[in-house]
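What follows is a set of notes on a single structure, which appears directly below.
To keep things simple, chains are lettered A, B, C and D as they appear, and every chain counts its residues starting from 1.
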Amino acid sequence: MRDVAIIATAQTRHVRADTIHSEVELIQPVIAEVIERSGVDRHDFDFTCSGSSDYLAGQPFSFVMTLDAVGAWPPISESHVEMDGAWALYEAWVKIQTGHADTALVYSYGKSSPGDLPRVLSRMMDPYYEAPLWPTSIDVAALQARAAIDAGLTSEQAMADIAYRSRTSAANNPFAQLTSSADPATLLGEDYIADPLRKHDCAPITDGGVAIVLAADDKARALHDRPAWIRGIDHRADGHHLNMRDLSVSPSAAIAAQKAGVANGPIEIAELHANFTHQEAILRAALGLGDDVEVNPSGGPLAANPMMAAGLLRIVEVANRIHSGDVSRGVAHATGGHALQHNLVAVLEGEG
Amino acid sequence: MFYSAALHPGWTGGDDQGGHMPDEATTIGEQDVLRAPLTLEYPFRRTTGPVIGAFFTGLREGRFIGIEDERGRVLCPPVEYDPLTGGPLTKLVAVGSEGEIVNWTWNTNVREGQPFDRPFAWAMVKLDGADTPILHAVDAPREAIATGLRVRARFAAERIGSLADIECFEPVG
Amino acid sequence: MAERVAVVGVGQTKYTAVRGDVSLPGLLREATFRALEDAQMTLADIDAIVVGKAPDFFEGIMVPEYSLVEALGAVGKPIFRVHTAGSVSGSTAIVASGLIESGVHERVLTVGWEMQSCSEAMWALSVSMPFQQQLVAGAGGYFAPYIRKYMDRSKAPDDTGVLVALKDRQNALLNPYAHLHEHDISYESVKESLMLWDPIRYSETCPSSDGAIALVLTNEAGGDAAKAEGRQPAWVHGTSFRSEPGWAAGRDEVSPQAGKDCAADVFRQAGITNPREQIDVVEMYVPFSWYEPMWLENLGFAEVGTGWQLTHDGATARDGDLPVNPSGGVLSTNPIGASGMIRFGEAALQVRGMAGDRQIDGAKTALGHAYGGAAQFFAMWVVGSEKP
Amino acid sequence: MSEPAPIDLPAGLWSQPELDTSAVAELADVESVQSLRAAATLYYDYTPGIATTLFLRALKEKRLTGEVCAESGKVYIPPRGVSPTSGLVTTELVELAHVGTMVGYCIVNLDFTGNAQEIPYVSALILLDGADIPIYGLVREIPYDEVRVGMRLEPVWVEDSELTTSFENIKWWKPTGEPDTSLSDIADYI
């Protein structure tokens, strides 16, 4: 395998509702910024890949409109995934491994605010047996949370602690949407929105986007004095149907973590794409993260949750800390589908 | 006519501190940007094939149908494939209309299209004779909802072969 | 890195307007199991699954691959979803090929599908957005002005499109999977069919189809093993995709630069310097008949302004020197999210010598071609009977 | 369209498996469910963005505005805020003439769901004077078989009292009566 590194990142400030910009207006500055930071001329990217979903803003072929922000002229080698941008990064990583590319531009974005996101996400469910009932993403997460609590993996107290920790950590994140929290005792005094979930257990609805530049081998070394090397990356799926899965565990995340080599060295930080507090507990177990691992120092998805970008954002947050020298080895996780159905794990390392 | 980057600060390029979202635009503010409702409405038709079709035929007749998987477990609702290996499943079996709640939540934020227009319980109900539960709504007060509660299907009076043929589940006795 | 890739399995469903007898998972499984049967494999042998389809709105299921994970035997495996408009399942096959070429996986299943009967795709393509005026009537309405431009530029005879439609629909009669089997089609029936989007006649447009196609791709060892057992693989000699803005000043919509660049790239990889001589069969994405001569020029098979001559001379017929769409093409079968991969899969069948009655004798090298969006996204591969 | 004649697939192919229904014999004599109807309605709060807003607000004042790509100098209408060829934000707006040349068209004979036009109608690509990319418009007030590339067109607006922030402010385009633009002058567009 070739050595591939993240050499530049950029993101929007994440907000509850960006009612000012179209999708292309939202993502254009992020792409422009990451290109500038990378030091790569925009005509010199060997590959471009993006991730988005038409359902979020109700815009068919959303990615076709946002391609304008890349300035795809002369024509470029480009592809798109209807998944979180973390998988666009994965496709770019594979492309570099084939030898057809040495550099790649990756971006993703989501405007969730135009629709009723939890209801929109019900369209992901099985079209015969589940979607006709319109169960929301929160309803489904609540069933998973109860399974996790019943399995002894977490508790409402532990979940409130996670919410508190995440949002107070985000106070140091200038891009985060939610940057403070009441204390756990106060949080536990609130009503349920979907028993056993309270509002604080759920990621916010967010508009935003992120971008990354990848480079291989010596090119990465030339472009950054401390590239964030992708030492391992893998993704796996679990079954979809709620009734045929044990919702309290994530076997697919465990396989991805093993394939990515999470346990091959000490992990300093983990950015986990846990959209609900209980999912952090499920993922900690699946990835084999000890109590010493700092999880979501950025605040994580509970502080900013731009759909289709929140997974790639986890990779950005780990890469930024490696770039700055604060961290030498970290793990980033991204998820897709509901109830942690699809999981990607990447291990990033600084040089040395 | 010209407008410049100054009209929407931060939009045209990066600044390391605040990201790109303008807090306020000097000439065109948030209140000035157009918005409009957009409704997407689709009348989908889904073919069922024989296995899913058997389940909905059963519902129309007021009964539940499951299928045996490769390990002999009964899946209800039935699918055409083994949930672990993807191998084909072919053995349809009858399943009871009563069962027990194995997982649930209380939905306080009711949405259009859901079984009730007031707060209600979603439950995973494992029917007698089945090894996997079915997702539906339960008509019972919140304090009655619990894992282990025995419930039975309340079928709609007019049934056409649809999930709505099950009005909901309700406590037994 | 740079592992050789072989196509060892191709599975297709019978394409039709409404596959009323199967569920969506059933449709995909039909193609999948046929591809596995062809490859002499089971789901357990597959390392990863790559799927592609057109916009999720068409079937009303957001990220539908997730509810299909169990049906595709993907539990515990990587599943990947590509979406690049009409070129999507061509792009999908390329992504699948890349997983092997890179050395990441050894055996990959890739599936493209569409159940157009779920909804009216025409409607989905013409969503009425606020503040806009509904002027473009579906894809035909978008492409018709550019077809007219081609006609004006090339001075091609008016019946060029008729000839293409007639040829493809007659080719389809030899393809048991094709959607349209119009036994009584004639030059006159095409020419007299209703002018929908002038200059596009009804019989010069693609149908709306239900269907799925699956391919099994392996690394070199897998291709060698298949060959040793007497099952000819199709070797991938080159893959490429290219994109450009669909709406840009100075863009040539009739012969987009991205198509030219994509063809040049894939031919370079495959060592092809004279495509007319070196390519034996082309499976080309022709949803409206006039796109055959337009793409012949765009891809470099004919000089600018002369693509129509190949059609009129019969060069693109089954018995011509450059058969185009012996499968019947998109004009005979169009499950949108599968149409690109069908081109790629039919190209593979030809060089494997497994195309049945539609086989072109002696086909050694074939091009699979797909495009999408406003003729702005292109995906192509070249496959051959010999190792690259 | 005639139904496709039945045709046999190659023998021995994997097909949908036969079901064992012996344990559910009660379903044997009833009609099977073959399909489901599933309506889905989703509601969104659509935001066209800054560039489109500026354009539509001008349109409400019967002005046609384009944007300039800072790299190529090309003038785009309607503006989208970003040049598709450079990826750069378009910071300069220009006002365009209310007259243009038809550079492409299609006569639509097809009715379809959601269509608001009487058929047949002419959907045209119109290059406004000063613009580098054509816009779509409906052409009327001329028999559709006399429509031709190079024709000069001008917009027919709704009554001033009916002006809104919508493309529908222009009801259709009609011939100006001027001589056609020479095709060589619009060679890049045809």
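The rule we apply is simple: contacts are C-beta pairs under 8 Å (C-beta built on N, C-alpha and C of every residue); 3 or more make two chains touch, one makes a residue touch a chain.
All values derive from a computational prediction rather than experimental measurement.
**Student:** Which chains contact both subunit A and subunit D?
**Tutor:** Common contact partners of subunit A and subunit D, which must touch each of the two, are B, C.
**Student:** Looking only at C-beta pairs that count as contacts, which pair of chains has more of them, A-C or B-C?
**Tutor:** A-C
**Student:** Quick one: report the Å distance separating subunit A from subunit C, using the average Cα coordinate of each chain.
**Tutor:** 33
**Student:** Using the average of all C-alpha atoms in each chain as its centre, how far is it in Å between subunit B and subunit C?
**Tutor:** Centre separation, subunit B to subunit C: 35 Å.
**Student:** Using mean CA coordinates as chain centres, what's the subunit A-subunit B distance in Å?
**Tutor:** Chain centres of subunit A and subunit B, defined by C-alpha means, are spaced 24 Å apart.
**Student:** Which positions in subunit A are in touch with at least two other chains?
**Tutor:** 18-21, 25, 29, 32, 55, 58, 67-68, 72-73, 114, 116, 119-120, 123, 127-128, 131-132, 239, 241, 244
**Student:** Residues of subunit B touching 2+ other chains?
**Tutor:** 8, 11-12, 25, 28, 33-38, 40, 42-53, 79, 83-84, 88, 112, 162 - these are the residues of subunit B that touch more than one other chain.
**Student:** What are the residue numbers in subunit D that touch two or more other chains?
**Tutor:** 16, 34-36, 38, 40, 42-50, 52, 56, 84-85, 89, 165
**Student:** Should the pattern of chain-chain touching be classed as line, ring, star, complete or other?
**Tutor:** Drawn as a graph, the chains make a fully connected set, so complete.
**Student:** Could you please specify the touching residues of subunit A with respect to subunit D in the complex?
**Tutor:** Those in contact with subunit D are residues 18-25, 28-29, 31-32, 42, 55, 57-58, 65, 67-73, 111, 113-116, 119-120, 123, 127-128, 131-132.
**Student:** Which residues of subunit C touch subunit A in their complex?
**Tutor:** Residue list for subunit C touching subunit A: 1-2, 23-24, 55-57, 59-64, 66-70, 74-85, 91, 94-95, 98-99, 101-104, 124-125, 127, 129, 240-246, 248, 256-258, 261-262, 265, 373-374, 376-377.
**Student:** Can you check the complex and tell me which residues of subunit B touch subunit C?
**Tutor:** 34, 36-38, 40, 42-53, 79-88
**Student:** Residues of subunit A touching subunit C in their complex?
**Tutor:** Spelled out, the residues of subunit A in touch with subunit C are 1-2, 48, 53-55, 59-61, 63-64, 67-68, 72-83, 87, 90-91, 94-95, 97-100, 120-121, 123-128, 131, 234-241, 244, 251-252, 255, 336-338, 341-342.
**Student:** Can you list the residues on subunit B that touch subunit A in the complex?
**Tutor:** 8, 10-14, 17-22, 25, 28, 30, 33, 35, 38, 40, 44, 46, 48, 52, 75, 77, 79, 83-84, 103-109, 111-115, 122, 124, 132-137, 147, 162-164
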